[in-house]
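Chain nomenclature is as follows: A, B, C and D, assigned in order of appearance, with residue numbering initiated at 1 for each chain independently.
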Amino acid sequence: MLDIALFGSGRIGRVHAETIASASRTRLSWVCDPLPDAADRLAGRYGAKATRDAGEVLADGTVDAVVIASPTPTHLELITAATAAGKAVLCEKPVDLDLERVDACWERIADSGPRVMIGFNRRFDPAFAEIRARVAAGEIGRLEHLVITSRDPEPPPADYARDAGGIFRDMTIHDFDTARFFLGDIAEVHAMAVPAGAGEPEGDGEADHAVVTLRSADGRLCQIANSRRCAFGYDQRIEAFGTAGMLQAANRTPTGVRAYTAAGVETAAPYLRFFLERYREAYRRELEYFAEAVESGVPPSPGYADGRAALALAEAARESVRTGRTVTVG
Amino acid sequence: MLDIALFGSGRIGRVHAETIASASRTRLSWVCDPLPDAADRLAGRYGAKATRDAGEVLADGTVDAVVIASPTPTHLELITAATAAGKAVLCEKPVDLDLERVDACWERIADSGPRVMIGFNRRFDPAFAEIRARVAAGEIGRLEHLVITSRDPEPPPADYARDAGGIFRDMTIHDFDTARFFLGDIAEVHAMAVPAGAGEPEGDGEADHAVVTLRSADGRLCQIANSRRCAFGYDQRIEAFGTAGMLQAANRTPTGVRAYTAAGVETAAPYLRFFLERYREAYRRELEYFAEAVESGVPPSPGYADGRAALALAEAARESVRTGRTVTVG
Amino acid sequence: MLDIALFGSGRIGRVHAETIASASRTRLSWVCDPLPDAADRLAGRYGAKATRDAGEVLADGTVDAVVIASPTPTHLELITAATAAGKAVLCEKPVDLDLERVDACWERIADSGPRVMIGFNRRFDPAFAEIRARVAAGEIGRLEHLVITSRDPEPPPADYARDAGGIFRDMTIHDFDTARFFLGDIAEVHAMAVPAGAGEPEGDGEADHAVVTLRSADGRLCQIANSRRCAFGYDQRIEAFGTAGMLQAANRTPTGVRAYTAAGVETAAPYLRFFLERYREAYRRELEYFAEAVESGVPPSPGYADGRAALALAEAARESVRTGRTVTVG
Amino acid sequence: MLDIALFGSGRIGRVHAETIASASRTRLSWVCDPLPDAADRLAGRYGAKATRDAGEVLADGTVDAVVIASPTPTHLELITAATAAGKAVLCEKPVDLDLERVDACWERIADSGPRVMIGFNRRFDPAFAEIRARVAAGEIGRLEHLVITSRDPEPPPADYARDAGGIFRDMTIHDFDTARFFLGDIAEVHAMAVPAGAGEPEGDGEADHAVVTLRSADGRLCQIANSRRCAFGYDQRIEAFGTAGMLQAANRTPTGVRAYTAAGVETAAPYLRFFLERYREAYRRELEYFAEAVESGVPPSPGYADGRAALALAEAARESVRTGRTVTVG
């Protein structure tokens, strides 16, 4: 059994707590949150200990690994402390909102042989993972073009949005990682963003939808479409087009029931509402993989460098919006 | 060019007139109808001659073939006269509502080498024909089970229904032929019918929905579902299940456009409204095949015997409803 | 927490063990099986006690309820003993293969206020349950016609099949219950069965596919198609047709990934392989409902009478195959 | 009846000839082609006159309108001559490959009250036209994002490709017009192209796939994906995403038949092979609309200015590929 401590008891922290507690090879030992009530409540549900003191957690020699699901500004500090304490780390995306700080952190920890995985859960979605495996097996010949559609059902709360760093660093960052998962290194980035309401885009902080075009280092193209709002549910699709065919991950309906009436036919209920439902299995597989990697001593992937690379693409997208240019990266 | 005379200028007659006139190898030369206005109108649209007198048409030596789309009670008389005049015949289903009269007619015409095709147009539907060809090619192994769904969008006018001979002889007769098209000779028939409104079935004259089970002479099963009403359009589906797989003909939407809203996703417009739209291509191919057969001297199929066989199954279904027994035929 | 003892550690027993152990309100306390190794293994996995002695289990006052997943011939005896010991019972289908024994058992236990639920898990399938709720809410007007397709991917092992009582009592019995779930009491039954290989049906013991037609007491129709083999997975569909529309539960693919190649488009992987995958959620909801019912003192449903009614329909189907008649029941 | 003369008897000329000849309100009177055999053959099939001499056609006072389906370099000269002769014109896309020549031509003809329609047939596709009408009716709220997928099954012949002006002016030009059809004036264009084979793009002449991003003057986004090759048929899709939902035009299969085997389920045959099949109805409706417009004296649309605007977007896309910049147009 792998003993795992959880930092952060918000929305995503609760997902991880349940996943850790229900997996067969992991156990939730601590929940750490500066809000003591929140930590108590969540810890209590799973028989874990609660604390406001990260140091107490990291000093506990029985803790094998930590999951960092606290606010983004705390990520680097916790990664530094946890790796110094010899814990394996699974840290939610984004690593941080600032590339320089990300690089500085790595310089601090690199020599300690850090085991850090970044929570790009979509790599573990059964459909996305299946498509990647089939592409790798050659089923569609050479992959030439990847289309990623990723729309949230509704905007996040205003206070979350204020600190999230804008659509590219908060939301598209998942899609940047997905692009890298399929295409490897990215060489060029172009983006257009549209702010909520009318008018012109100013930075990306207020954008509520955006499109991005990528070219990979080996010449493949990727189109991303994002929106903070989607009337019909959580719109999460991938289309991989190659010289010999195409593979597609469609949205899934809750039960598959279809209705046929005078108003229309083949109608299904709106798609699974949000990431908790849509990616539940991805979170489960992500944690299972992390636990396996930690136990077997294999460096977990996607790692710190992947978290940095996705952030670099987000920065490039922001620059492209400001300058109207295709931005060269890497 | 094959010169074709049309008997009957009602709904189905108009379908044939347009098909004959627009095909490349056929020409509409006569429209014959006891209602002179109706014949005039239809003939005028396509540059054909109009008459109330069937004899005038059959005496015209330039007429190669006739299409009989007049009311069912006139079918046998017109078949007799047309074959006597040496014309090839394409007669709408059903041949007649009475098996004895059907057999008597055949005895009268059999020696003249009659060329008679019965208008089971669904054999020429591209989807149904494709499934049969693929079944024949072995794609699903041995065909074991056929499911036919056939529902009209709404009941026929009361005066049509009164003379139509009940759901089995008017509507299911198409499905009986489809069953024979796929399964060959049928050995056993069982049927249940439900009259419009509540209460118990009395004969089949008033039934507005019904189910039929068939067993073919070589032991394959077939289920048919019929209804006189369908809220979401003309429901015409086939499912062929075999030892190695299944082939399915689905309903088709007018344009394929799908809508995604908070009320539901993947919604298409109701299915093609009725047989004119759904089977337009089938009528076209049926006529083309008929013209080819006439020109090449090949006996057209489905022939008179097929029309008789489908009627015999309809009679067996009526008997099964009356007796509650599986009825053996053939 | 509800303490549950499990009888039977075979395929279906293992499903229940996992479901009981992972549900939040139930605990697996015993596994009882005459094969001690099997019981030990399964009990060990979930921290339960193992025994070969049913009496030991029923004498344990901490046991609140039992799940009977042992071979069919043991069902009635275990129901009798468990209800006598005051335990609530969830018994797998079929209750027994013999209607007289089923009735005799009920006479023995009826006075003791037995709490017996029969494991017709499909009532708890999210799609089927949703359709029933929407039908009940009037979405498709008056339900007129139910179509149930139920095909296993492959025949059961020969020794299982030998004791299973034939396709109607082993396999269709689920569909009979589904028909009753939607249509209430059934008045008429007609069936045709086809044995594995060619030739004529003899009884139903060897039938490997079959079709059944039902008429409900209030005049609605139901068609069932069964097969012991299905090349493309576990084929489990329902279609409810009413005066105002239709609701349909389709098969589900493992991940929703679709392929597009020169060989064909929109291809998904074969359907979920078998009942463990397809009905996993149904088993979970069934147990959850059972636990709730036991805790709240509500008689669980479907109950003993439902188990008896489905068996009576299976007997009627067998009689219909023998006689070729529509059999009146109830 | 509208008498129409056709210039050009190649692939697209033959489509127009058949459409003109089979429509009820138009008649094909001339086929003009410098290759006399080609003109003779096509004219002969529809009872039209053949000539190599455009002047002869334009001098024929009975000719009401001309369809220009000759090679692109001849378009402007024929438009000039035909409008001078007072004929209405339906000219295939692109108007020309050079914006200056396009503008110069317009200056020559503008004063004569020219009636010129450009053959952007996709505006008349039933699915695309339906989506636009439903968007206009407000069904999806404010349209925010348009996705156009347009892939040919295989590259054109080398000699066609050599003169076609590259993917943006030959192929994407349809999609530029579709974008304008939905979004109105376009303000910004960004494009990336990939040449056949590996290596870097040089101009767009050799590109065999490309992606384009557009922003409309009123701030809506559009993504276009093009490829000269598609293993699974002619891939022609549109997705209109708005604040209240999404409308989608899917590809259509030839017959709708689906196969279910151990290799996969729900497999349809590859999509309709190419533009002749996919857009047959669009060509029919385009001509019908053109004839109506000519007869009623309404200026036909899309007109010359639309042809010019699409070409300007193609030029902007070429510039974007060269410079890596978002290009401002209009």
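Quick notes on this structure:
Here is the rule we go by: a contact is a pair of C-beta atoms (placed from the backbone, for glycine too) under 8 Å apart; a residue touches a chain by one contact, two chains touch by 3 or more.
Being a predicted model, the structure only gives us computed values, none of them experimental.
Across the two interfaces under comparison, B-D and C-D, the one joined by more C-beta contacts turns out to be B-D. Farthest chain from chain B, judged by C-alpha centroids: A.
Here the CA centre of chain C is 58 Å from the CA centre of chain D. Distance between chain centres (mean CA atoms), chain B to chain D: 41 Å.
Multi-chain contact residues of chain C, defined as those touching 2 or more other chains: 140, 231-232, 244-246, 251, 258-262.
By the touch criterion given at the top, residues 22, 126-127, 130-131, 134, 139-140, 244-252, 254-262 of chain D touch chain B in their complex.
Listed in rising order, the residues of chain B touching chain A in the complex are 231-233, 251, 253, 258-271.
Residues of chain B that touch chain C in their complex: 140-141, 144-145, 147, 151, 188, 190, 192, 194, 198-200, 209, 211, 213, 215, 218-221, 223, 225, 227, 229, 231-232, 241-246, 324-326.
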